[in-house]
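Right after this note come the structures.
Here come two complexes built around chain A, the first alongside chain B, the second alongside chain C.
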Partner chain A sequence: MANQSNAQNNRVMKFLNSKKVVPYILVSPFIVTFIVLTLYPAIQAFIMSFQRILPGQTEFIGLSNYRRVLSPTFYTAFQNTTIYVILTTLILVTVPILLAALLNSKATKYSTFYRASLFIPSLASIIVAGTVFRLIFGETDTALANQVITWFGGEPIQWQYQSWSAMFLMVILSSWRWMGVNVMYYLAALQNVPPELYESADIDGASTVQKFFYVTIPHLKPIITFVTTITIINGFRMFEESYVFWEANSPGNIGLSMVGYMYDQGVQRNDMGFGAAIGVIVLIIIFIVSIIQLKFTGAFKRGDE
Partner chain B sequence: MKKWFGVLTLALTLFLVGCGDGNGDNGDDAAEGDAEEIVTVGEDLEDATEINLWTFAGSHAEFFEDAAVRWNEEYPDNPIQFTAETYPFDQMHNNLTLALQSGEGAPDMADIEIARFPNFLQGDIQLEPLNDIFEPEIDNFIEERVDMYSDENGDYYGAPTHLGATMVYYNTEIMDEAGVDIESIETWDDYIEAGQQVTENTDVPMTTIPENWYGIWPFIRQAGSSFFDDDLNLIMDNDENVEILEFVSSMVSEHDIAEVTPGGHYHAEEFFGFMNDGGQASLIAPTFYMNELMNNMEDLSGKLEIRPLPEWPGSDTRSVAMGGTGTTVTNQAEDVDLTKEFLAFAKLSEEGNIELWNQLGFDPPRWDVWESEEIRADNEIYDFFHDDIFDILLDIRDDVVGVHMNQYTPDVLDEIDSNVMFNVIRQESQTPREALEQAAESIRAGMQ
Partner chain C sequence: MEKQRSFFKKLFINILFVIISFLALLPIISLLVSSFRPSSELMRQGISLDINWAGMNLDNYEFIFTQAPEYWQWYMNSLIITGLTIVLSLFFSSMVGYALAVYDFKGRNVIFLMVIMILMIPFEILMLPLYQLFIDLNLIDTYFGIMLPLIVAPIAVFFFRQYALGLPTELMDAARIDGSTEYGIFFKIMMPLMLPSFAAMAILQGLSSWNNFLWPLLIIRSNDMFTLPVGLASLLTPYGNNYDILISGSVITILPIILLFIAFQKYFVSGLTVGGVKG
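Here is the complex of A and B:
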């Protein structure tokens, strides 16, 4: 008897340990959480986007939610978000490369200190950071930013009430926050550039700038692609950067993002179906943009092609 | 094959990224988190029925806490174990919406702010009608206030916290300096005239106009107009409302007696400092603003005189009930009847109304207590303002109107807050008619 059950146990263990099964066991925690917490809600959200959902009265209303999505307000949100994505991508992809190169250079003293101080903002809660930013860029003459401007002889600016300055506030908050993280990515990649390449470039008489463009940048390319992708996706998902300055309503919708619109309509107004429809549209937009961008940077190609 | 796998992974990742937000779990820092404060009463009582409340104001939680203590003293045979949880404003309302929508997790009682109230009167209403506790007392209430928390069938769902009558707070120091006798201000024309006298003789404006709906809604209601007609057609852009907004905007642009409120609204830190330093000669705000003045603008003590709104041509209305929180009983309450009785005890009874004044400094929605000794007893509010606050209110009690809400009212208020007032008053980039028409158009597009 004992032998039999041992044998059975062995067979079970053998099965679980077999090369075919082990990988699935190892990935199962991720797969399960993905299905329960992401895939199921996503499918549900897709279904909800065709419904009107009120307590106790849920009905299918066809494409009516989608018809309402394409309103001037959504267009404003789309425009704001797109501009925001372009600006943050430009800043958060290029500036960290320069900073990383500087930090990586042997000539920079105290580079650990600079690395830490660049990285710390990403640990701060964006609500706290946003509150500080809001006070710095207050509309009164005594707010810090306006004091600096008047000190240089400029006119105080009503930062939170004009569309250019509103965009500036959101971009600067986001850039300040994510700069350090991106610098870290680049630094890690820079450590992997073989020093021999720089040596041979030196022998060939390359200048520092030439070395940067012909040795450093090509080696950073995979990381650049990666950083660009996540910056674009994060940009389209932007919400807190606007929320901390204006909460639900910004004057003239100058701070309205697509996700902000979704939150406002779906949660604040309890129009879940409509919110879900906006969510689906945002998803499609991110998907298309990312595919184009990845195609363009050749991320789909295999290394040996 | 590998390539396709890559595409598939990317697709799934994007799906994950995109839909994480599709379910409203964004802003995790802003929207998540535990209650800021929890108070409990009657934990040690045997056989006590548990009742819990969600609110967004710590002072409301304390008010109910005190009521629970009194309840347990008065009804030792029917004790309650009361818990009040205070959450941030948005979080509380959003959580309540979701809990009622999904049918579980809601509290027995919840405070709902007036601008959010219509959201909770849609579909199969998940709140308990309060008609049976209201009806015996209804004549003692300012009915316009109670009606604000009712649905189209006239069922009541919320117990009011105050009357919140919109009044004018005159800064007598500035008025004296300008040589204006506030008793002579009877109509809005008088008000503008007085304003011109103020701006000529002092260097402060007569008032400031907030960029949210406080800058238009009271005026619209006072003039007898509304955002919707009786059949719920949107009329926010009709001639009458355009004229009213033109009047408001003329105070800023044409007559030059008003400015835009610093910080955009009366609850902004910037405004507190401005008002406290005598930055404007008068303030148009509801009675509940007395609290804000006492807590944040202490230097104004003894300087303010409260008066009804100046008269609008062709209307007797002297005040508009604004803002305000309705306390509701949800259909998930464990013991609906007891919860309702407790709510009536806390907020609808004479005693409860007196406590609203004594503890929270709110003008009670029951007018029959306005003359009671307890209300007239000396307190710091009378010291800060003046003794005859309730005489003034009694005088105009039939001339107070409320606001009427329906499921699209939040859309209207949203448009006003984010576009109309900003473009007309601050930017002056649109005429009142243009702004109202554009707002109405965008709301109509969303009306099903």
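Here is the complex of A and C:
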């Protein structure tokens, strides 16, 4: 009896240890979480977007959630998000290239210190960062930003209450947090530029600016595409940069983002079907913009490396 | 002449970077300085240049250490959740990444494609269905519910796979001849070789868990389950009656991270820039 179960145990062990079975056991946690935490909710998001969901009763209502999405409020959210994406992309793609190129040049002393200082903001939680920015850009004359403006002879600004300054706050917060990370991406890529190229450019008498545009930039192209892609996607996902300034309700929706609208409708007002419809629209927008951007930067071309 | 020009160029670049570094650090420095100011003054003035240096004191810290048990409850929650997330996600993600790299099996490419796919779907889209699912499963207001979406992280799976591709597979054959099981090979031989990748991923996962906000905001209902970001955000009201905890609490939240960064800079940078690893 004991012998038999031992033999059975052995067979089970052998089966579990065979090279055919082991990889499946090792990847099983991923398969389970993929099905439960990605595949199911992805399908469910589409289904929910056609439903009215009330506790205990759920009914299909066709396209009416999508019809409701085409409202002035969503348009405001879309407009805010799009401007935010454009501004953060312009700043967070280009400025780090310049900083990385300068940091990489021999002219810069204490480069390690500069890198570390640029990087530290990315460690701060968005809530802590938001707290500090709220206090720096407070509406009183005594808050730091207004003090600087008054010192230069300007008028104090009610930062959190005007549409342009609201956008400024969100963009500056995001730029401050992610600048250092993007600088690191570019610095890593700059290590791969063959130094001979700069030497031969020197022999040809190229200026620093020419070297930057004709040697550095072309070599950074793959990483520029990468940084652009993640900046655009993260921009369309924006929520917290607005939440830290106005929670979920900014005056006149000046800080409303698409994901913020989804949170407000889906979670706070418990209208999950409508929230899901907003989510689907956001996904479609991200998808279209990413394709256009990747096509534009030539990422689909083969053998470009 | 040429030498003089290059000297001024150097000087200019270094001055520029001193200014940039100062601006980057300014919010952190001003947070630190403000934490010693009376909270009523801070609330009235905001972060300001007119600092009353003589009026600085440790009151905010005294208050948080003696009269704010809820803050320490949040701190505890964040520590437990972050610790468990790091251990579990590194364990599972390394297993998956390793299997994808060293074994040749049916469906391997499909699974790798799924990893890439999850990387591209924004979490926010899945958020509402997941929220509803977690309500149905009674996972609201539990540590497990907060952690679950981070436990098998596609970015970590991807990173571990890239790293494991470079492992010497000859060692595996030698170990098999010595009678080691496949699991023994992974845990005793390969995992130690993957240690540098574990450090970078521990930092990435730890930081995303420590700073995670939107998902915990949805899933947590009661004050004593709050994580630090959700708890601090609850104090961020226009009425500003909690600025003492908010400001000293913010410092105590980010200071350990900055100290860890200074100690382990290299791993932080590779952890946070992992998306750029080449295939």
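In the analysis below, the second predicted complex is superposed on the first by the 271 of 305 C-alpha atoms of A that agree within 3 Å, B and C clash if a C-alpha of one lies under 4 Å from a C-alpha of the other, contacts with A are read in each partner's own complex, and residues count from 1 in each chain.
Rule of thumb we're sticking to: contacts are C-beta pairs under 8 Å (C-beta built on N, C-alpha and C of every residue); 3 or more make two chains touch, one makes a residue touch a chain.
Computed from a prediction, not measured in an experiment: that's the story for all the values here.
By the touch criterion defined above, A:30 lies against chain C but remains apart from chain B after alignment on the C-alpha atoms of chain A.
When both complexes are overlaid on chain A, the residue A:105 reaches chain C alone and has no touch with chain B. Contact with both chain B and chain C is seen for A:240 once the two complexes are overlaid on the shared chain. In the superposition on chain A, contact of A:73 is made with chain B only, not with chain C. Looking at the shared chain after the overlay, A:209 reaches neither chain B nor chain C.
Of the two partner chains, chain C is the only one that A:113 touches; chain B does not reach it. In the superposed three-chain model, the partner touching more residues of chain A is C, compared with the other of chain B and chain C. Once chain A of one complex is fitted onto chain A of the other, the partner contacts of A:251 are limited to chain B, with no touch recorded for chain C. By the touch criterion defined above, A:276 reaches both chain B and chain C. Under the contact criterion defined above, the residues of chain A that touch both chain B in one complex and chain C in the other are 34, 38, 41-42, 45, 53, 125-127, 138, 140, 233, 237, 239-240, 243-244, 247, 259, 262-263, 266-267, 272, 275-276, 279-280, 282-283, 286.
Across the complex, chain A is touched by residues 2-3, 6-7, 10-12, 14-24, 26-27, 29-30, 90, 93-94, 97, 100-101, 119, 122-126, 211, 262-264, 270, 410-411, 414, 417-419, 422-423, 426-427, 442, 445-446, 448 of chain B. For chain A in complex with chain B, the residues that touch the partner chain are 34, 38-39, 41-42, 45, 52-57, 64, 68, 71-73, 125-127, 138-140, 161, 233, 237, 239-240, 243-244, 247-253, 259, 262-264, 266-270, 272, 275-276, 279-280, 282-283, 286-287, 290-291, 294, 300, 302. Contact residues of chain A toward chain C in the complex are 17, 19-20, 22-24, 26-27, 29-31, 33-34, 36-38, 40-42, 44-45, 48, 53, 99, 102-103, 105, 107-110, 113-114, 116-138, 140, 142-144, 147, 176, 179-181, 184-185, 188-189, 223, 226, 230, 233, 236-237, 239-240, 243-244, 247, 259, 262-263, 266-267, 272, 275-276, 279-280, 282-283, 286. In the complex of the two chains, the chain C residues touching chain A come out as 6, 9-10, 13-14, 16-17, 20-22, 24-25, 27-28, 30-31, 34, 42, 44-50, 92, 95-96, 98-100, 103, 105, 108, 111, 114-115, 117-118, 121-133, 148-149, 151-152, 157, 181-183, 186, 207, 210-211, 213-214, 218, 228-229, 232-233, 236, 246-247, 250, 253-254, 257-258, 261-262, 265, 268-269, 272-273, 275-276.
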